[in-house]
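Alright, structures below, take your time with them.
Okay, so subunit A shows up in both of these, paired with subunit B first and subunit C after.
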Partner chain A sequence: MRSLALWRAAGLAVLLAVAALIPLAGNVELTQVSVLVLMYVGAAVAWNIFSGFTGYISLGAAVFFGTGVYTVALITKHLNLVGGVVFALYPLGGLAAAVVAVPFGLVALRVRRHTFVVVTIAVFFIFQLMASNFSWTGGAVGIIPQYLNWDQATVYNPFYYTALLIAVAAIVLAWAIWGSRFGLQLRAIRDDEDRARGLGVKTMRVKLTAFVISGFITGTLGGLYFYFQSDALPQYAFNPFFDLTIALMAFLGGFGTLAGPIFGALLLEPYLGWAQQQVTNTYVAQIVLGALFLIVIIFLPRGILPTVGEKLTAFRAYRRRRAAERGAGPPPGLPVGATAAGSPGPTTRSAS
Partner chain B sequence: MTALLRTEGVSKAYGGVQALSGCSIQVERGSIAGLIGPNGSGKTTLFNMITGYGRVDSGDVYLNDTKITSLAPDKVFALGIGRTFQLTRVFSRLTVMENMIVAAHHKERSGQTGRFRNPFARAGGAATRKRAMELLEFTGIAKLAGDRAETLSYGQRKLLELSYVLIAEPEIILLDEPAGGVNPTLIGTISERIRALNRGGTTFLIVEHNMEFVMGLCDQVTVLDYGNAVVSGPPDTIRNDRRVLDAYLGSAEEDDDSSAA
Partner chain C sequence: MGTFLRALTDGVLEGGVYGLMAVGLTLIFGVLDLINIAQGIMVILGAYLSYVLWTHLHIDVFVGLLITIPAMFVLGVAIQYLFIRPLRGRERTSMSLLACYAVAIITEGILYQVFGSNYLSMNTYWSSPQATFKIFGYYLPYIYVLGFALAVVLVAAIYFMLYRTQFGRSVRATMQDHTAARLVGIDVNRVAALTFGIGVGVTAAGGMVFGELNAFNPNTGYDLISRLLAIVILGGMGSIGGALGAAVLVITLASMVDVYWNPEWSTVVFYGALVLVLVFRPQGLFGRKEARAQ
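Here is the complex of A and B:
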């Protein structure tokens, strides 16, 4: 066990070192793509803190993202801010999203399962419509920040390190929550909410807290996105595609696990970036994404990492069994199957 | 009035079905009370009304002479009423130990001083884990502590449910069919554990179809029929009561309850 933890720590350190070195490669395009990858890692992890841990599938994360985008956009516009100082505003985007999450959660978290999904989609469209119709949001024209007069070779580096910081913070937070009393309550709600309530868990408060935390991280990423993308437009800030993508990332990697959403985002976002460059019609990439979603839900409902982990456990148990059979041989008079049944078998395939 | 738990004229209808109509029962402190009656007589509904899983239409529930009618389940639990479910409800993807820790939160919190709590504190302190292990040993499933609850057999889940209700040290425990679908050896274990806990001061209210189990364990048995408490008394009286025989055996076409024999 000790050595396993050591290996893990070493692996993480290497990953982090590689991540920190990417902008130093001097490839502007690579850095630019990596910013988006890291943002999706952060967003998928944030989504998982609420939806993955509690089992409430939200398709309204773009509400938080867009709120973050517009909050930072409006502040920079009205205060005429430009340059590095804007980076200090990103937490304000998160704060605004967290504030939005409270009434959003109080309404949506009264219902469960499919109804909850529908409510989150409805709230999402309300926000998108507000962004494109109010005059103070710039309507369909949106808001454009002042031109950033930085060296083109390294212009994305600050964005990169900010995205890395947010992603790592989100991962550490998710890990801290997972093993905490709070995280255990979230997972108890996922398994049987009414029972959790009957054991003294204040379910509404617990769910809402996770929803707000998730919203804060996503909103902060929205703030970063505004300056990185140099625009706040209703269809990109409040993007239904964003909701689907992060949900798919979490499902692909492993819904409700710690590493799953990270893995899913690292796998999927580079593909999306690549696909958008290959085909001029972006809808092709989106159709593929939709199809992928269906395939994952049907064939890999628990995601890649849990499924692979299960297969590995089964394989190890099989090898142990084989080794035991070779070592001792089956007791005389007993069929081979009896030995196999008696030894620790693969973990039961749980209900999907 | 020494009743620890009592209901007064509790009524509850689901759609057109009157599940309870003015049901009044009493459970004395320190006793093991039984609640029997044919299927659909309102036993589980009464449990739900007491523990806050649904609103009472009319009537009241009292714990220690304090009105607790229609309080939310978490509040009822905090006041000292623990319960198990007929179809066991455990957190299937949490380990057995984690199941225990979820139920222990309330207890852990009340032991702390000061307002501030670290929300990221690891779940379950050493004291809680030790207590949880003791209880799991008491119910005989300690060796499963690290396993996910979904891998447990039905009987083991019943024991886990009992264990995690115990960790919160409720004053009274409501058991919904603790012996249902459990093998005879395990039934013996369960009944022995209930007796031991009762000697330690815990009050029980038990719904059960297994007559041998109820009659052997309970001090006081109440019979429910058509949402009403028809008779209450010591097991010997109940066994020979005309109304009980009517309610249970009834006429031939009403007899759909084989386990009641």
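Here is the complex of A and C:
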């Protein structure tokens, strides 16, 4: 087991090293897409900290995202800030989102399941409409930052490393929460909220804390988005597609697991980024995405990683038993799997 | 006074049509315990079907319903059979929500591919300026009244089906308790498929009237589903009378805001009302307490 943990750590280190090197390839488009991928990784992990761990499916993450976008946009506009100093404002975007999350959570977390989903959608629409109707948000025209006078070849690098930092921080936070007492309380709520409450979990406080943490991370990413995309528009800052995409990413990878949302985002966002650039076939890309999802939902209902993990565990158990049945036969280290791989069907099922 | 009456009639009549679409949604929720996110785009699909029948075959939109309602019914049964029924296990609820969403984006993609993203209007006799009559000092289009009447007839038919037929009895039993319904010999899968078909089928009628009243494109489905969800939650999930009442109530409210304040804010009032109601009555205006339990 110890060696497994070591392998994992080594794998993560390699992954991180590769991630750190991507901008050095000098391909501007690659860096640009990678920033979006990392933002979605961060957002999906943040979504999972609340929704995945507690089982409350939120389709209102864009509320936090948009709040972050507009906070940074309004501060830079009124203080007339430009350039690198803007990067220091991102935590403020997160803070504003966290402040919004408190009343939002106090209202929405009173209801459960379907009703909760719909309340988050409703709050989302209220925010989007406020952004397009108030005059101080710039209305439908939005807010456009001052032109960034940086070298075109490396203009996205600072965004990339900030996004990487936020994504890694979100993952580490999710991992820390997962194993902690707080994380156990969240998962107890997911399994049976009433019983968790009976056992002394202060459910409202715990849910709200996770909601606010999730909002903070998403808001920070929103702040990053403003300068990266050079606009704060109601329909992009508060984007219904954002809500759905991160939920789909988490479900695709494995809902409520640690690695699932990361995997889902890494898998899905490059495809979405590519699809958006296909001007002629963008609708075909949309249809393919929907079909893909139906296939995943029906054949891998618990997400890719858990299903594959289950199959793998079952397969290992099968191999081990085969080795034991042979008694004095070859030790488990030898390639007995080569013969077992041919017929894992019926026996695997009885093993699990 | 004239303005007030106008806002009131508009709101009540249009609310009836929304009520019809919301009844389909709440019926599906009650029987299958899932939110059909695709209901919005199905309404738009119904509008496009009526549009095609009118522009290419010159079939009047009301006569066309004889074709579109059965077609949408079959589509609903097929969706339930292919994508909803296979789902099992603990995450069934959230998975079925996502399956419906996948169906919605596929439908949206197909509609975009076929019709493009331009806003369409029906351009039938019913949406022309001649098809109006004068009441309370302003001109009210016939389609408002006819749409409302259509909604009333269809909702009455659904009520009749639910409370006066053997099938309706099975539907109500399934809504109350799946396991018990199965134990007394009800084919729950069949009930679920037919209910989904009925819920989607009524969107053909709702979509036709919606298309006569508003310009639409495939993206309109999102706005519509959010409104329908707000109505269904306000009325109390699974409550058919509640959905009707809530629809008339909020659409009238939105129509009042339209007239007295600013059309841009009417949607905010709409969702604001939802949030406000949920703070004080989490089970919705007409919902029973059980409706929100696990």
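Note that in this section the second predicted complex is superposed on the first by the 307 of 352 C-alpha atoms of A that agree within 3 Å, B and C clash if a C-alpha of one lies under 4 Å from a C-alpha of the other, contacts with A are read in each partner's own complex, and residues count from 1 in each chain.
The definition used in the following text is that a residue touches a chain if its C-beta (ideal position, glycine included) is under 8 Å from a C-beta of that chain, and two chains touch if they have at least 3 such contacts.
In this text, all values refer to a predicted model and were calculated from it rather than measured experimentally.
When the shared chain is aligned, subunit B comes close enough to touch A:I177, but subunit C does not.
Contacts of A:L24 after superposition: neither subunit B nor subunit C is touched. By the touch criterion defined above, A:G198 lies against subunit B but remains apart from subunit C after alignment on the C-alpha atoms of chain A.
Of the two partner chains placed by superposition, A:L6 touches none, neither subunit B nor subunit C. By the touch criterion stated above, A:L15 is placed in contact with neither subunit B nor subunit C.
In the superposed three-chain model, the partner touching more residues of subunit A is C, compared with the other of subunit B and subunit C.
In the superposed model, A:R187 makes contact with subunit B only, not with subunit C. Of the two partner chains, subunit C is the only one that A:R112 touches; subunit B does not reach it. 194 are the residues of subunit A that lie in the contact sets of both subunit B and subunit C, per the superposition on chain A. Interface of subunit A with subunit C (complex): residues 57, 107, 110-115, 117-119, 121-123, 125-126, 129-130, 132-133, 194, 240, 244, 247-248, 251, 255, 283-284, 286-287, 289-291, 293-294, 297-298, 301-302. Per the touch definition, subunit A reaches subunit B in the complex via residues 176-177, 179-185, 187-188, 190-192, 194-203, 347-348, 350-351. Residue ranges of subunit C in contact with subunit A, taken from their complex: 29, 35, 83, 86-89, 91, 93-95, 97-99, 101-106, 108-110, 112-113, 222, 226, 229-230, 232-233, 237, 264-265, 267-268, 271-272, 274-275, 278-279, 282, 292, 294. Residues of subunit B that touch subunit A in their complex: 51-53, 72-74, 76-78, 83, 85, 89-94, 98, 101-103, 105-106, 108, 119-124, 148, 150-151, 164, 168.
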